[in-house]
């Protein structure tokens, strides 16, 4: 049994497997299938200052080895989260992390400030890369100045572990990561979804209500691996890798590319029990290759 | 039988189906399977001023619904092309188009100048987006200034149809397209490959000799469709769409998104006869939907 | 009701016409508890084009034989791939998902179950359940033509079956909402599943006659668990997930213009 | 030689041990002309993980039965999927691809065919061809252990078969290059296919003894037609495609350090 524990900023995790925001609800949705407390960390869905209805239906399109979504951060707002959801999930014995989004810097700050007060939320993931909202979202994640402005503002009010989720829809993701690091991020997670589009040829219409949406699933894994590799070489803070991870082998690839921890997203839709299978598979790989800790293979790619 | 003919700048094509550079050799490789003269246009492989050996083996990695390559523009140089290859292919009764690459502006210009002299080459595709070469290549395709510099320089010496192939590895591809248009491009083709990476977890090594490579195949189609949609709305010149087209339905989706013509690349590897099946399928779709010309569905997406 | 991920064995996979299949599944273990109106997410293996599971409503559960029947319309690559499964093959299923139909209120005695197309699927399980509770459900089933009617014999075993076809080739000619029974008889509750236009027409009839009415919606889904929020429908309380808040909704909670 | 895209029917698909299959294919039409050493690109259907065709060398062609035999090592998802094909199934194949082995020169009388592992595959077709031309080919086949030897009986029908195994469980103990026949007999030409280290050892032996030698290479391929330039190998004239310039190369054209 290898040591699977990892540390992301001040965040101590029993293993490096987290769930990606928006793919695992608040964890409860999967409790019938697995003991969710055995997951290293659960990132609950995108939370904003005010209630958001999200985008109209249809919000999903199946694509080759993946899917597009345009949910658009549907959530009941941070106050509802604090009053109604937090009490339900605060005693789940793993790291419950909140993904925070906003339309402007003040929104991000106000939301982060409120979540900072919740004792059982040890970290937030700052989403500066949602492709499915009109203002804010990805806008902050596609320029160094935008990233710097929102991360430094949130850093001032948020005292615990601050993970910044980066957009892959950029020319140079390492630059954005460096800006987030300079602005005080404890970690960066990547990749959020690639902006894509699906068309119904027979009806001559877009499949999604918003025309474009975010692409996820194994189809994006090669791009995600490349970006994790580029960012891990550029920054000093730990990198959380995600993008199309379906099994333990995929996860190992992200560690080798430089990720200190990984997130599983779309795969939860195909196998609701995949997270703990990945945890077991990582341990099996480490034992088989004679590693005593997962930390030993982070960035260990032989080039 | 609908009218499949389209015009790209001065380039008259019997149908809107072309082959993507680097996936169809010089056409001859596929002549046993189909009458290649029935293809709307054949874009032969990337040609540079000097001979290039390309990158070391291994150059290919299979990925979910796609593949990565890092060939690196292996070719014998433009003079060899003019003396040894052009005479063999110049009488193929379709548009034989040369894809031109370079490490610096002067290389692009010198190569384009030489090809400008070949009577049976009606157009070139300027590749400012190859992810697999150290200098030049993608560098010119990721900034407006870079695109403007190389396109305007080539425009001065190249008198026939000038298509500029764009990189998807950018924050705002419409901007780059507008720069190419302003610099005198007759058309833009997109997308070139997405920069990706594959890792052999068991050997803890990258699969490709160059670590990263270019991703193609159906996995990139949603991203390609989105970018064609964005570019077609931004520019006035015709757009040539490519990226994961495997069949006629995929091709129709690109027309609806705004492409005036399409290219088939990776699909040629799975079905060497796919090009003419797509031509037939486009015609079947147009007839079934009561369109008399493919031009009627270009950008006809109902949003 | 506890959700399970189970590998089920195909007992038979019968083609019904050219657009539907009836897949009978069993398990060495006892099949999980399920309610009428709930559904299953079926994994599609060995497909180069299908990535996500396919949500399929529970058509019938035979507790004696320990068999689960799925009535599946062949709409795309995924369902066509399911049609290639043979007896003895294994299929991975997540179930039971969503909330089923609700029991009738004490004062609700005469029950009408209205189905169209493959939408009849959940009504067989519902009707059997209601019958077991002592009700005598009436099925009103609509289709384009006689040949498009599904599982009529099975429905007749459970209750009275009324039919409408658009071409009049079976039962009364027209749509389900044109059927004479709606004029001649009084119903206390209507359960319906089928094409949206049909359900809206049924809902309109129910609303006009102040009849309690539940509809089973079918939206494009990814997770089936209420996690991804892709399959939402408009309700008076805003967007709700068809997979976890539904698929059954009372029409009084929806925002349909009826 | 003209290339074809053909749907072939599986006659049989036999498991050889746990790592290989012998797939016999036929066609209603006459099988295309093929040369020993050429290969086929086999499409892998119904796979969620395999996107590209799989290059498989031609193992044997029976013109009387109009059958093509493929000897396939199970290395990944693609080949394992091919192993699930059953008699009567159809498989789409592009063939013949590449250049085969060249005929011996007039003065080349004694021919040695050296194979290791699944690399023995093309040598059966080559040996049969040479035998039909009046030669008496000698096969030198190596494997880890007796159980890893493939198709020995088939080879014995064609010519003399010498064997080496690393554990000595069959034939002489050691590698093919340790076999006594290399000391005791004189060969005019050597054809070899197998693991790269083995081929390099054989090539070194041939070079030291000034014996003409052809090797069949196996690189990762996409198109198989010389279009994508993914499968290149270093030659004295620079990068060449294993698929279209090979897979057979004369060692004097390669840059191997031997």
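Just so it is clear, A, B, C and D label the chains in written order, and each chain counts residues from 1 on its own.
We adopt the following convention: a contact is a pair of C-beta atoms (placed from the backbone, for glycine too) under 8 Å apart; a residue touches a chain by one contact, two chains touch by 3 or more.
None of the values given here were measured: they were computed from a predicted structure.
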Greatest centre-to-centre gap (Cα means) from subunit C is with chain D
If you average the Cα atoms of subunit C and of subunit D to get two centres, how far apart are those centres in Å? 56
Can you give the whole-Å distance between the Cα centres of subunit A and subunit D? 48
If you average the CA atoms of subunit B and of subunit D, how far apart do the two points sit, in angstrom? 36
Mind pulling the residue numbers of subunit B that touch at least two other chains? 63-66, 217
Residue numbers in subunit D touching two or more further chains are 48, 50-51
Chain contact graph, described as a line, ring, star, complete graph or other shape: ring
Pairwise, the chains that touch are A-B, A-C, B-D, C-D
Over in the complex, which subunit A residues touch subunit C? Could you list them? 22-25, 29-30, 32-33, 45, 53-54, 57-60, 62-67, 69, 71, 74, 217, 266, 268-273
Sites on subunit C touched by subunit A in the complex: 2-5, 43, 49-53, 94, 219-234, 238-239, 244
Subunit D residues within the subunit C interface of the complex: 45-48, 50-51
Any idea which subunit B residues touch subunit A in the complex? 61, 63-66, 68, 142-143, 169-171, 194-199, 201, 203-206, 211-212, 215, 217-223, 225-226, 229, 244, 249, 252-253, 256-257, 285, 297, 300-303
